[in-house]
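Structure record follows, encoded as structure tokens.
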Amino acid sequence: MNAYALLGIKLIGVSFGSMAVGLLFMGLGRKVTARIQRRMGPPFYQSFIDVIKCFTKTSITHNFVMDLGIIMALGGLIATAFFIPFANFSILGSSSVVIVLYLMSIGYLGMAMGVSASGNPNATIGISRALALMMGYEIPFVMVIMAMLITYNSSDLLTYAVAQSNGIGSWHIWKYPLGFIAVEIAFQAMVGEAPYDHMIAPAEIASGPMVELSGKYLGIGFLLHAVQLYVETGLIVNLFLGGASSWYVMLVKMFAVYFTTLSINAVMARYRIEQGIRHLWIWAGSFGLLQLIYTRIWG
Amino acid sequence: MTSNMLPFIVIAPVLLGLLMLSMPKRLNWWIFFLLNIVLAGVIFTLKSKGAMSFTFQWTLFGTGKVVQKLGVTPLGWFFLAISSAATLLFSMFSLDFNDKKHSTAIAPLWLMLVGATNGIFLSQDWISFFISWELMSWTSLFIIGHGKTSSFKAGIYYYALSFFGTMAMMAGIWLLFHRTGSWEISSGVLKTAQDLSSHRGFALTVLSLFTVAFLAKSALFPFHMWPQMAHAEAPDDFSAYLSGIMIKYGVYGLLLFIVPVFALTPRGTIKSISGVPWPMYILAVMSALTSVIGTVMAIFTNDMKKLMAWSTVANVGYIGVGLATGTSLGYAAAMFHTVNHMMFKGGIFASLAAVKYRTGEREMHRLGGLAYVMPITFFTFLLGIIAAAGIPPLSGFNSKWMIFQALFEKKMVFVATALFFASTGAFLYLFRGLHTIFLGQLSPRFRNVKEAPPLMSLSMIVLMILMLAAGIFPGLVTGRFNDILVAAGLNPIKTTLYSMTGSTTSINSTLVASVFALAVGVVFFLFVIGGRKRRVKMMDNYTCGEDPLDWNVGPDRYHYGYDFYQPIKGLFSWMPLGVVEKGYNALGRFMERLGNLVTSISADGTRLGWSFVLGVILIIVIGVVK
Amino acid sequence: MSDNILARAGKMHGDKIECREKYKAQLEIKTHRDYVLNLLTWLKSERYVHLSFMSCIDWIEENEFELVWHVFSYESKNHILVKTRLNREKPWMHTAINIWPHVQPYEQEIHEMFGVYFPGNPDLSGLFLHNWLDLPPLRKDFIAKDYSLALYTTDALGLTPPFDDIDIVEITAEESRDGE
Amino acid sequence: MEMDNLYLANLREEKQNMWGGLVNYFRKRSMWMLYYCTGCGAIELPPTMTSRYDMERLGMGPMATPRQADLLLITGYLSVKTLKRVIWSYEQMQEPKYVVGFGSCPINGGIYWDAYPVINHLEAFIPVDMSIAGCMPRPQAIIDAFEKLMGEIQEGKAIGYKRYEKHYDWYKKNQDAVLGRTEAVLKPWNDPFASNPSVDELMALEKGESNV
């Protein structure tokens, strides 16, 4: 079998694997939230049931742009997942963080395009909030990444992960403490958990972008969130938590990142959109900037 | 024979343009198109003929012999080639655009402008360069004006700024001539590079005079005001040319004169910040500022052509930053982004022109849902904004990536942060354009709108193919840069057809595109095996159970488009965005008063005596001073 | 009454009105239809700035409608009921929209539910009822039960379900009356 | 009357489809609901959803829009005006979809059986898969009903949406009879002010009458 076909099959495996990991996290996350609220909560495999059910339902579409956008969205995020090193192994042999940041955007653009083609103002309002929030969290995140980038003179995630593989003391949390705080705050906004859940505000704008999604479209929407979780937690683990040497350590670390986010989410209310961005700029932004200045001058 | 081609491609369009002034409109556009085919053909054969030049001598009173020289350099040929190719596409577009209803009489002027453009890119001496530059300014002023009052105001605004630049350039040329005794550009570059160590003040004066001229033309800070007026008011088909090619003259000028000077200067001659000579660092900061201003202004603009004009300003900022890094990667990135910007902004303005052609609307919120009736236009715009936002697998990503690599190489992280801000903000305004014009509800007024005419569609399809090709195979474009870089005295960059190598990592764009295609395939499989889908009407939406028509809410009112980013407007209220414009307005008022004073002295018959007295006094004073 | 409004009203309006102190802080003023607006304007100038509510009562035996304006003062904490009676055959009333703009939906509702007409009110279209063609439903000569039985029972709909996989609970008009 | 037993037909169809049972399992374990807070029943849902009874352990959860939901809850009495919105929302839901009526009101009008704006039988307008008696049903009863509905879904009995599709004419006729009336039910009202007279006209009219 030639090498390209083999790589293709492996990549298909990765794409389904990343969906599965994300769905598992979502299910566990619901269980965790339930326990924080003193409930039983659904079984941990609930998200799988939900997604499969969504695919068995009938669905509606408004026009071809909606189909195109939704497919482009999940496609873009899965393509991003290929570039995330998993357990210190990068399947494509390259994992530039700049590609990750920009490839993720195609997922967001696809989602934005698909849902706003439905013609529902709620969806568009949700998207405009999401894009505005993106301006809030992307800047601190990029500043911290640039601090690492000029230290190592490499933008490869794998380089960062390998550099931190000498035990817990070599983790970037200790090397870039301010940056870690900035990224944690930004991460909260990236996955859209409270207090930055403006995009999906069920009581205000009827779940925002998802308002017109039904059946398999909604299923793809859920998978989108799952892959997004995989990509973003994987990114943080590789950047700060020392990567991992085996797959289960990787999964545990990734879930630990998500667990922190969930815990904050369970006890926070929502900011207004303007407050949210301002908060991100002021806190995450200033921590990120301090980290960048420190690294640029003394690092 | 071949070297005689050089004056032909400059003078023929100009003469033919003059001739065409007396011809019928429709014929003019055909001549324009056919001549562009000829020009593009000639220009593409020039490359294989090797270096050539055409010299023309005459005597200027007081300064001796003047040698005018047209020649093909790698840089000049590159710009000539992309501009002629783009012009060909735009002229094909204009052929259908200028039908009976939408016709403008700009074809002769445009043809003269094409000649002037060729002249700029071929000139080897300052005299030819300046003549072409002036011709370009004048013709574009009348094209932007095209007989409408509001447009003419925009044209005046544009011309006033560019006139300021031209005057600065003239002073610079004069100083340079006094220093070198020659009109040649290459000797000027060498002399200024030497002067940077011996006569630094003089060299910096010359450099800043030229820089002002080029910044004014390329709409970099503090001259970022004119595109939003000129691009918006210009004829719709011309806006693509204005944004795609004309805004690049300044970039060409910077590459022609400023960049080689600093490349030839030995390191350490001038104090440097972050490994970049300080004048270049200032240029980088100004360019980054341009990007940020352009982005923020674009986010809150409601006019679609103005929005894209601000986007052009932001993108020129990127190019400026790439140039200012002073590395070969940065120059290559700047040139790459120039080409990309030409393609994607050409595509975007072409699709906007198609929209305007079919609907006659310019305010975005009055449009909406056009994707369902104009799919080719929609896809051109979509690919255009994907490229403009710098998302793989389209061409914009490759050049933005190179610019960032150039910045990382010099560790200019704060400039890079500003650019990242602009890049994220670009997402906001580009999506706004996409949604408000092409997605959302289709107004009943536009239900019968048809796709753009065939030639317009064809040129948009070609632009789409070019964008995709340059995105998936960056080597198609980057492969051309190395001889330009070597000619400018820089190291070549490492690039193949599929990949590019930057300072921190290398990237294989073809791989990125193919894994993206694979992932889309996986999702498409999921999509196909999912449950049955049914198509519903656009107004069949979740509305809390209400029928919008019960509330007299039709598609027009149900389209979320006006004041799109109102909730975040407050975030930018602290930015002094209007300061530059206010300054210009004050200057404008002052000039107007001055003009009134002069008019009142000369025009009024009773005051003729006063002006005579004033003139006599002036002559006496000058004599005394001498 | 802490602000002595009773006495002042008597002094100001004389025999045009009929005042009565119902409770410690509640006053009732009855007046003629054409004098209501004068009275309301005067009350507003006397710091009774809040119109809490406006309602209507159907006195069917007397063949009259009674309109009630509930006016409240934040300073004296008093509550005044301004009452007037209208002829039930052709009930109409001057709109108070120039005194309190927010009275508009109250008048709109009273128009819909009782059929009282308010000339000058810009919008007297239907507010609550769906496709209503009968008598205004809060009039006492409108029998709600008859209406319900005539419209909502399966009998009244004149249909039985054409399918056998469900037992629809059928209540005919007779059964319902039995259950009374 | 033509007797076509939709339920048996559905069973026969599902027997032929080997995945039917599996699909039904996913459908029953993940019911997303759209609760239409029409009346008093809505207040019984918060205890059902939160810590005490925790509906989420059954895989159920609230959803924001009908597009996403599987289950429409009619929580209490339903006025005519709301009925129109309920039908609109029900038709926007994607198949398979189920309807649960809460309390007596959707069954026979409950204590509002003789009120002019409240409909009496929900079954006549949209197909109801499960009704919970009581005024109002306690959370235990609600959970019980959901579990019964799950059983019916697994057995392929909850086929209200198919019935709606098949007998749409009948439902549509009933809906039109209530919503699209063109004449008065009891006695038409002749508005004496139908011509929108002004104050002056009214005054003049009254003066004339009193003179007479």
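Here are some notes:
In order of appearance the chains are A, B, C and D, and numbering begins at 1 in each one.
The criterion applied here is as follows: a contact is a pair of C-beta atoms (placed from the backbone, for glycine too) under 8 Å apart; a residue touches a chain by one contact, two chains touch by 3 or more.
Note that the structure is a prediction, hence the values are computed from the model and not measured.
Nearest to the common centre of all protein CA atoms is the CA centroid of chain A. Chain A and chain C have centres, each the mean of its CA atoms, that are 57 Å apart. With centres defined as mean CA coordinates, chain D is found 60 Å away from chain B. Annotation: 31 Å between the Cα-based centres of chain C and chain D. Distance between chain centres (mean CA atoms), chain A to chain D: 39 Å. Along chain A, residues 56-60, 206, 211-212, 215 each make contact with two or more other chains. Residue positions of chain B touching 2 or more other chains: 540, 542, 544. Residues of chain D in contact with at least two other chains: 65, 67, 84. Applying the touch definition to all chain combinations yields A-B, A-D, B-D, C-D. Against chain A, the residues of chain D that register as touching in their complex are 23, 26-27, 29-30, 32, 50-51, 54, 56-59, 62-65, 67-68, 70, 94-96. Residue ranges of chain C in contact with chain D, taken from their complex: 89-90, 92, 94, 115, 117, 119-120, 128-131, 133-137, 142-154, 157-159, 161-166, 168-169, 171, 176. Contact residues on chain A toward chain D in their complex (touch as defined above): 30, 34, 37-43, 46, 49-50, 52-53, 56-60, 202, 206-207, 210-215, 218.
Put simply, chain D touches chain C in their complex at residues 1-7, 80-81, 84, 107-109, 113-121, 123-124, 127, 159, 163, 166-167, 170, 173-174, 177-189, 191-193, 196-199, 202.
Touching chain D in their complex are the following residues of chain B: 540, 542, 544-547.
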